[in-house]
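The data blocks that follow each hold one structure.
Same chain, two partners: chain A is paired with chain B first, then with chain C.
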Partner chain A sequence: MNIGYYPGCALHGSSNDYEQSLRACLRALDVQLREVKDWICCGATAAHALNHKLSLALPARNLALAERDGHKQLFAPCPLCSMQLLKVQKAIAGNGLRAELSQIIEADLRGDGQILNLIQVFQTIGLDKLKAAVKEPLKSVTAACYYGCLLTRPPDVVHFDDFEQPQSMEAVLTVLGAKTVEWNYKTECCGAGMTMSSEETVLDLAYKILSNAAAHGANCVVVACPMCHVNLDLKQAAVEERHNKKLGMVIYYLTDLVGLAMGLSAEQLGIDRHFVTKAQS
Partner chain B sequence: MNVHGDPAAQPNAEFYPIESLAHTQLDNCYQCGKCTAGCPVAARMDLAPNQLIRTLQLGQTPKALRSQAIWECVSCQTCSTRCPKEVDCAGVMDALREISLAEGMVAPSQQPIVAFQQAFLENVRRNGRLAELELIAQFKTAVFFRTGRPAFLFQDAGLAPQMGKRKKLRFLPGKASDRKVVERIFAKCSNPSEKRAGK
Partner chain C sequence: MSRIGIFTCGCGENIARTVDVDEVTKQVSSLPGVRCSANYKYMCSDPGQAMVREKIASEKLDGVVVASCSPHMHLKTFRKAAQAAGLNPYLVEMANIREHCSWVHHERRQATAKAVDIIRLSVEKVRNDTALDPIRVPVTRRALVIGGGVAGIQAAVDIADAGYEVVMVEREPSIGGKMAGLSETFPTLDCSQCILTPRMVEVGQHPRIKLYSYSEVEAVDGFVGNFKITIRQKARYIDIAKCTGCGECWNVCPLKKNPSEFDFGMGMRTAIYIPFPQAVPARPVIDKKVCAAIIRNGCKLCEKKCKAEAINFKDQDKLVEEKVGTIVVATGYKLYNIKKEQDKAWLTGYGEYGYGRYKNVIDSLQFERLVSASGPTSGVLKRPSDGAIPKNVVFISCVGSRDNAKGLPYCSKICCMYTAKHAMLYKHKVHGGEAHVFYMDIRAGGKGYDEFVRRAIEQDGAKYYRGRVSKITEEDGKLVVRGADTLAGVPVTIEADLVVLASAMRPADGIEELAQKLNIGYDEFGFLLESHPKLRPVETNTAGIFIAGACHAPKDIPESVAQASAAASKVQVMLASDELTREPEIAAINEQTCAACFTCVQTCPYHAVERTELRTPRGSFIKRTARVNPGLCMGCGTCVSVCPSKSADLQGFTEQQIYAEVESLA
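Let's look at the complex of A and B:
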């Protein structure tokens, strides 16, 4: 299977462990990623907060480049990138912005391709095929599946899963032989891009998420977003210090667990590069 | 029905095109409070989400534009998702931020957040893709000059070696090959009032 791939800035920067993980995992599942040539940043939170038109134009350029490269399906592993691409498709279908955006981005724009988040990639591969690839069922994993904000919101843009009680990640983990917990914070925000500019916000929100996962018996939290991983893993020591509580919660990308179940090593998946690596018993 | 406390406040719509920027109808809000109930950062805000919408309904737009709340918002989309009247509160937050910045009405306490976002966009404008280390340097310098807080320069400095050890820092990040296009896209999207303000 071939799919178009828009990595986004985080995966080529400090979240390069996520890219290592998904590349190793998808290679093992015979998925070839075709990276969009000359892709640019989608503008992220900064663009939609400060300049509405720019927040559509930047992802529109990427959409046009993916169309030019002939990608019918485009995988964006960062939920913000993915949502912004879908927002452009919605805007050109509904608001008639196609001509204006095409002029701004200096490229034709159809907006007919399919945008996939990470979970949808596994759904496209097929959970049956995934199950057949499992060599080492994850019997010791009891996971809290954490969706965060933009995998399911806004629902009229992303049209993915149930926005209050999503279950699609649990379905993947069940196939891997892992257990999952019911908990309260699976769609609550981790503070996203406030990591540097409003650290307190992130440390307080991350604390609620991590302690709720622990209180419901999870021994790890699973994410499908680079920013969620930064705030829950890289910032976890700071969360512990601010709230004076040891958490020691391991944070996996969904691809980490799929990879481990297929027999890949922690080193192949980049799990050894996470900040919290000591698994709870 | 006119829910505006001050009928003369209506011309605000021309000066502050919030509804057209956010594609939403502010008068639809009947103050159920569901947005605020689900907001993860409402406790940090000077005006909670439902209060912000009410402030706008009453025509007190400058008060909303000067609020801390619009910058505390983490854009999680919960308010918009749960609104029973389809008011896109998160979209309103974006519109308020855009206008607040363009009109020079940003709450002083929120300068670090604004500085981060401005540094982010400037970085993308020049590189096409985000160069993280450069962003951090620019952001810290900007906050230092705006707030005069030297401590801010060193916050998180201890993380750098740990990130380096984990190969999470890239000193020479990949750049987009056609950066001129990116600069032209930015130029075509530049906010007219920002031009007025000479930014």
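Let's look at the complex of A and C:
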């Protein structure tokens, strides 16, 4: 299976462990990632705080490039990136801003492709196929699936799962033989970009998330977002220090667990590069 | 040659100010077929009407045009006057030279000329009028009431007390509806059952009310005055004539763990059960989905205990027919489903409130059962998870209502009141407990209503927060309610033991199917449509069918009762005589020219056109044709406009008349 791939800045920067993991994992599932050539930043939170048109034009260019490259399906592993691409599709639907955006980016926009987040990639591969690929069922894993803000929101843009009580990530983990817990912070914000401007906010939010996951019996938290991983993994030591409590919660990308279940090693998946590892806890 | 009289009115100065009435009178006197032309300052007054009557007699008029105001105002007046003088009333037409002319123009000369034109049209219409006779429809002097909640009960008792027979059909095993399950009612806090159950008994014992409980309307045939109703009596497995309601059967039933419908799952019932002790009829019913005797021919303890031999495990649904003249629909409401599963694609539910996942998140009707003296906890407020007395209760209003994102834009009207009542009842029952209410606006219009809400806040100390709750989670056995207080501008987090959601009101299940059977209108949410929101609030657009209670719109008990009595009085008017008189201005099909395409049958909004056959007196087939049922036709003219062979026509408004009117202007 071939799919278009828009990594976004994070996966080529601070979260390249995520890219390592998903490349290893998807390769094992016989999925070829065709990276969009010449892609640019989607604007993330910065662009739409400044200029609405800019916040659409940046992802619009990426969408146009993907369309040029002939990708019918475009996978954006960062939920913010995929939401931005879907936002463009929504904006040009019914020819709303199609002409204007096409003019700004100097390229035609069709907006007819399918934008996939990470979970949708697994759904596209097929959970049956995934189940068949499992070599080592994750019997010892009791996971708290953490969707964060953007994987399911805004609901009228992403149209993905139940935005208050999503279950799609649990469905993937169940196939892997892992247990999941019902907990309270599945779709709460981790603080995201506040990690630069207001670290305390992130540390407090992350503490709530991590301690609630632990209180509900989870031995790890699973994410599908680079920013979530940064705030829960990289910042965990700071969280522990601020709240004076040892947490030791391992944070996996969803691809990590899929990879482990298929028999890939922690090194292949980049799990050893995480800040909180099993060895520490 | 016709002999038409024209009577032009000055309407005081209303017409005469702008229209030269004398000039009009003179000019129209020479129109073809006009025998006489006269005017008067107030044609509708006694002397004016006398003038019309005298002229009809003295000039032997065969048609009358009254040039005055709108026919809505006085057509009936002048038709009556003409009839008194021996002229068929349908040979009277009105030329509206007030609303259509004098009131909307200033220039006297042009207005006068226009008035002449308007009268010329009417003269042409009268020249082509034919004498018509009112249609008389025999009336079955009985009424059907669908639904046995407080609205249906009120309507049925009112009609029966007036001397007419009533057939009541109730879907549940007992009448009483939602009100029978309520604890106390706002704004007086009188006990709901205490005021309702005597009315229920009245229905059960009334010599003129025939009650079909545990039954549904299967089919509706016929038309106003002559409805034929097929009723499905669902298998109850009890012969209610033999049964004495002694209770041996449900006391002995071993299957005790079935969620009680009447308690909205807050309590349990046996497989053979009566919904509540005051049920009418006080006869049990067997839940065929759980009864071991019915599922696998086992148990049968109840049958052994029943001395009356009233239990019949082989019981089956029965269809019975009833003939009635009019129908009152009072099918009530249900609550918006807060969970994710919805019966309509445009409803989403509130996953964020955890209803259905957290035991201590309940809806308002469940709360009613928990504080009702007749409820599963005998009125002691115990939370569902562990039976503990909740020390902190959060009430959330507008769950589903006024929330476009969740599918229902309308206000459910009663939630502000019952939420205040809930907070009050809670404070009365649990001293030292805290009641927190999240609201969007407090809508407490009604006699004593706002005072009641103030009492909840000021005397009973309920804490009100203007804002929405964003999420409810459960931590360490506590419900963590996170919301906003938009007046203080701060987020609020409350640890609660119980959360009560004031869920929106929706019409009862199956309302759309029932409305289709009855051929009455409903809105996008399923609420039944009244004929006119102000002037015909209990009538539907189908003659002889009336609506009452929450099937029409969210409403409280006083309003439902008032509407039910209004519907009952409309029914009584209709049943007061053996015959019903209807206006003859309805469609007729020329059966000779009808091409039997039946486009009219498909387009008629009232299902008044039928397929039929023409046969010779000996019964041999001539042709197929459409035929109008005069009992159903409302005279809208849709069939006339769609008939490709020009065989349909509207009596009193024939195509010939319309064309003659138009041509008169040429």
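To be clear about the criterion, the second predicted complex is superposed on the first by the 276 of 281 C-alpha atoms of A that agree within 3 Å, B and C clash if a C-alpha of one lies under 4 Å from a C-alpha of the other, contacts with A are read in each partner's own complex, and residues count from 1 in each chain.
Please note the rule applied: contacts are C-beta pairs under 8 Å (C-beta built on N, C-alpha and C of every residue); 3 or more make two chains touch, one makes a residue touch a chain.
Computed from a predicted structure; not experimentally measured.
In the superposed model, A:G259 lies in contact with neither chain B nor chain C. Contact with chain B, but none with chain C, is seen for A:R273 once the two complexes are overlaid on the shared chain.
Look at A:P226: by the touch rule set out above, it reaches neither chain B nor chain C. Chain A is touched at more residues by one of its partners, and among chain B and chain C that partner is B. Contact with chain B, but none with chain C, is seen for A:G191 once the two complexes are overlaid on the shared chain. With both structures placed on the common chain, the touch criterion links A:T201 to chain B but leaves chain C unconnected. In the superposed pair of complexes, A:H12 makes contact with chain B only, with no contact to chain C. When the shared chain is aligned, chain C comes close enough to touch A:Q165, but chain B does not.
Shared contact residues of chain A with chain B and chain C: 163. Residues 340, 350-352, 357, 471, 473-476, 480 of chain C are the ones that touch chain A when the two sit in their complex.
The touching residues of chain B, counted against chain A in their complex, run 21, 23, 40-41, 44, 72, 74-78, 80-81, 88, 90, 93-95, 97-98, 101, 112-113, 115-118, 120-121, 124, 128-130, 132, 136, 139, 155-156, 159, 162-163, 166-170, 173-174, 176-178, 181-182, 184-186, 188-191. The part of chain A that touches chain B in the complex is made up of residues 9-10, 12-17, 38-41, 43-55, 57-58, 61, 95, 103-106, 149-150, 153-155, 163, 187-189, 191-194, 196-199, 201, 205, 234, 273-275.
Against chain C, the residues of chain A that register as touching in their complex are 162-165, 182, 184-185, 212, 215.
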